């Protein structure tokens, strides 16, 4: 407990707790360590037994193979396009709508806002069949828009941004009104720059959500060249791959997990803040 | 000139890393290697067509469905013969009789099983690629240890269920290892295929009415009980998924691996190396345990042309590719699958492949469900689930059979 | 400079069913420094914001410089406002903060630069123009906020508790600066505060508000010296005025107040003006001194030493308490029995309704 | 009642590499009301929390009632603390808040009830015992927080700015109540504040802190009347003391200070004690009066009317400014030229290092 | 958008210079929410109603003729042992995971609610797995669970124990999916609890320390009551999230063995894309939606209660 850190007489207890958590954390990392270890083993050895993972020979062939062959690059690219598309889209729409719901009055606004909030209760799976039919009828599957657009209907971002805009002191808008700024100018020049922390939060959530989305891309992106990394990795997890190319599969998993993990390490501070912020709302 | 590009969806795994540039098919091994090399070869040789392979998850029908619905199916897809009718009956596949005639694919050269497999409502809807069946991979080194090898160096195999139990027990006593290695985990193929085989052997016609399954025969109970006994008496490895069982056999963890034709080549290669299978690999048709028939479960891979707005050039290219595969059917048979051309089965070249003599009978005895039965994949899935739960003792045998019946019949009742 | 008068003509405002301003009329002359003083929630900010156009007006009229403005958007009214929390644009530099409003009305950049330079010079923030608000101290932000108003050359300045965010020392300094600024510009200014010291020290006239209405409008000395009501008397001045119930006798036309214990305070309030009913005398602490010859006996309960003065909390014989003032070097201790002399000349009388009666001027 | 003395013996504290308390020694007598006074960040809270056991001590010793406590956990030290934000347990009723500490040491329930009843009576919160803190006003919470300390019958009370969260009026009232409470209980009390008025009015002795050290320890009148350093002189008293650079002449053993314009202030500071180098005279506003015969000419810039007094901000001939006091009914206007009389008896002299020199007592 | 389209310009005529925004409602303000509303209506509201309509049809994915069937699909669902099984599995899964998310999440948060570097690193470790996608997580855990060659099996053999066959034993498959899920996203509840803990004023703990409260007492009397609301949020959020179990089950166990780990969403997916029973799948979706809506409603009321408190 942060608060009791200084309190006299609590030191030893704190150390004990920390020590046990370190033990748990080591256990937590075991699966990844195991995967990493396997990824450096030749496939043929693993076909007989994974016990060989604990002794040489080790090889980086599994990784170099990725560069030669697999669709992983294309899938990573697709994931990047989709995730960025979703993120940008959500940021634009949610910022505009959040400002609207928080600050720009019009008749019926509050009712519409409640209706949007109800949308938070609709799980994607509940509309996935109908959505798939819609995009089929429009012949839009296997395109970036098809993978991106459904993500933009999420009410979460609007909710978050509305809360955030509401939390900005109203006197800033009022000062801008007295400064003769128009509605859009107040939004664009005065308030939007203040929401950058919220944009970061929402952006991170949206990006991770889109990057890791599975069900929708699974049924919408059915051409291998349109697979996202998530779907692509799923397509390689077959029995055949496990029996004959285990090391390669592990290398692919590590490799595919790397970009977003690096993003995570880079933005960790913001991500943590984002989650914490979400908790308080 | 520009070549016409056609997309070909297939499973069999990805192995561009090893075979990405191999065009000499004879240098390739295994399903993945051979199909990859075949396509490379085609692309290298064809002057008019480029095949763009699209590797999908096995069996990939969920995504194929979604893809057809999205209006952008691949031009050609690999498809199990068991599921062709589901697609053909909805007009999702192109009939190919005329194309084959034009291209010079002689349908009369097709084996009976494969020809039946791709013919629905009197039309041919696919180019058959192989027949694969259920058989026994045998670790001769362990068999020897268990005293189950005869003077001719052939494995001693059971001829009845009693013999089976007895020999399996003997094996276990002698080697300390289970007789069977089976894929009991994570997929249902083992259960369905083995159970079907045992029913065929007893001449049970459980799909007399293609809209209703019937497992009420006592023979069905016998067969299922046999599986349950094998399990409960620890005569098989347990809890292994496909990958685990494949490697378990290679590592010599049991005597018999009940699996498919496609592993023959893989294990044959293995037997040439040091290890548990060194000089000790044999393969045999599923031994006849009942006094009925030697029939055995079978299915086949085939290539279908999906209905869509195809240009003439594309269609021609598609047929050109199919013809190429037809011509190279022997190469595919090297995986262990049975060829679909009589001429190849009879050829010396094929017969000279390792172990092929031992399994030649399968080309005749391989049996599929009647093609009028819809939703065969789903049926097999349900059947496997129920058989599996009975075999593992999660459910009483009779309960499992009635459950399977109701579930399958309910499925068929709602299937269009 | 374009200074204007501001007239409120029976202005009303309700939030939902609650009326917060009711038929309020007030005229603010051109160049005046007016303070709205009152307790929290009495409607000061609301009234100010109505003038600025940040709240709609439910009834009545507002005129600035004679022009009716209550239907105009805030930007069109030509007033500038300084907010309690400054409301600086946090992501803009100080220069851009000052320039924003001018740019919005299309002022030429060189004119903007000129005006900002001038304002920055007056407010001594020239060296801060490149910083962002986050890099400024509270007092500096305060000045920037004022600067933002200054550059617009508005018809009137509106301040909503601009000092309440500053620490005590800075508040005092800024108060002095504001006074100086107003002396220089002579701009019409409305200043909202609930701190009577601020109102007293800054305003030329104070509007004391309570609940939905105006209690008194007057100069600081009128408010302090001749509070119109008990509310004003209690609200203005620290410590608060002492109130004691009294009987009144006529002593040569002036009221002589008799306390509960019989001691007498000779006020200068004309007896003729007084109504019947209960009356209380109101006396400020500085008019009550400890004297050996004082008429009023009491017991010291608490001694508050402020350095230059000492406040004595004294319990009278009848149990009521009052606060008297003594010098900084007072020797009085808690528990001492003392006698108090009350200066009757500055005493006021209040009737049951809280209305005040003062000595003739 | 178990009141104890508190001794700090060259106590030190560092946060990381920053030393916030350095070798500080102090003795607080049993029953004293001590205020720690100083600007924000000077280490007042840290010192208080070290006494309470909420911060560890890096060096030195703390003794309460003679027993060394600096290794004991907070609960074992027998002190009670009232926090700035009250730190009431929000989900417990007032009763349970008061009972929590007693229950933790296994006090019998009837004894707990008795003590709480007693404390509630003293603090007039008997009717609130069933409420939760969220349902109380600021002042009521304040009293509950004090009650929580009271029921424990501690060896000493520690208050960390307990009034700073209250509004002005309530602050004044609570101040008086605290004083009354201490008069009743006579418990050893340490009171942290940065408000000099609070410190002056409440404490029997004040510890003025600055940076990591104690500037002066003394009674309020010593601190106000004889500040040990320039820091104390500036920090205590409002408006702040006026400082003017002077030359000093000897006038019968006492220092006669000559201002820049030649006018003279006759201080009572013995000249013998003074060091060489630059000196400044320090005079409080109330010692500077407007008089027609005053020696010091100046021009009034700002007039601040406080009702009972008026502060005049005056610019002297040499450009320096000072604040003088006038009566509440002062007629002085901004811009007036005035002459000021400085009362030399209460003037102090300060050397270049900020050390003060006072009149002989 | 230019300024002109959005500023009402009512009083422009009266004053020469352009004026800014005014207070009060304006139709033009609706332009801010319009873009989002288009997506919302087209991609969420419309499919929702279309789904409800589809659930009342008997329709096949590739059959253009679908006929109205009323509530037949629902009737069939309630008699479908597999579907009931999936509902039960999903509920079981929720029961297995949510308490663990709360308990472990809170424990970790309590232990790591400190400001030193070690704690920051540990927080990063526990949260780090959450950024991996479900496919990678399942690949990793398959390697843990693999009956013969998996890490757990190897480890148990090393300890001389008979390996537990997690994903292949009916009774253990769902727990295996649950363990994977917990490993994957324990970071989120941990972070939510951390945020809540940081909201608790440190003074409260200090007051308790002065009140002689033990660590344990402080936890029960201060920490727990103070994070009640977050606890509720976490519980409801996790219930909603875990009810939507799909990827882990599909990739790790394919719903098996013997349907023991088949969740509702997998059922929907398979009915739709394997069995082509669109109406039936849509009906199952609506049941899921109903369950979710109840949970969301609970959340709404829970958060409202807080406001009133």
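Labels for the chains are A, B, C, D and E, by order of writing; each one numbers its residues from 1.
Rule of thumb we're sticking to: a contact is a pair of C-beta atoms (placed from the backbone, for glycine too) under 8 Å apart; a residue touches a chain by one contact, two chains touch by 3 or more.
Model, not experiment: these values are computed from the prediction.
Listing every chain that touches subunit B and subunit E alike gives A. Of all the chains, the one whose CA centre sits at the greatest distance from that of subunit D is B. Ranked by number of C-beta pairs in contact, the top chain pair is A-E. Separating the centre of subunit B from that of subunit D, both taken as means of CA atoms, is a distance of 91 Å. Centre-to-centre spacing of subunit D and subunit E amounts to 55 Å, using the average Cα coordinate of each chain. Per-chain Cα centroids separate subunit A from subunit B by 40 Å. With touch defined as above, residues shared between interfaces to two or more other chains in subunit C number as follows: 53-54, 73-76, 104-105. For subunit A, the set of residues that touch two or more other chains comprises 7, 10, 49, 132-133, 176-182, 185, 219, 234, 237, 242, 246. Shown for subunit B are the residues in touch with two or more other chains, namely 62-63, 66, 69, 187, 241, 243, 247. Across the assembly, chains come into contact as A-B, A-C, A-D, A-E, B-E, C-D, C-E, D-E.
Residues of subunit B that touch subunit A in their complex: 7, 11-18, 20, 30-32, 54-58, 62-64, 66-67, 69-72, 74, 187, 241-243, 246-247, 250-251, 266, 275.
By the touch criterion stated above, subunit A contacts subunit E in their complex at residues 1-5, 7, 10, 13-14, 17-18, 20-22, 24-25, 28-32, 34-35, 38, 46, 49-51, 92-94, 96-97, 99-101, 104-107, 109, 112, 116, 119-134, 149-150, 152-153, 155, 158, 176-187, 208, 211-212, 214-215, 219, 229-231, 233-234, 237, 242, 246, 249-250, 253, 256-257, 260-261, 263-265, 268, 271-272, 275-280. Residue ranges of subunit A in contact with subunit C, taken from their complex: 169, 171-172, 174-182, 185, 189-190, 193-194.
Residues of subunit C that touch subunit E in their complex: 53-56, 71-76, 104-106. Only residues 60-63, 76, 80-82, 146-149, 163, 165, 167-170, 253-254, 256-259, 269-270, 273-277, 280 of subunit E touch subunit B when the two sit together in their complex.
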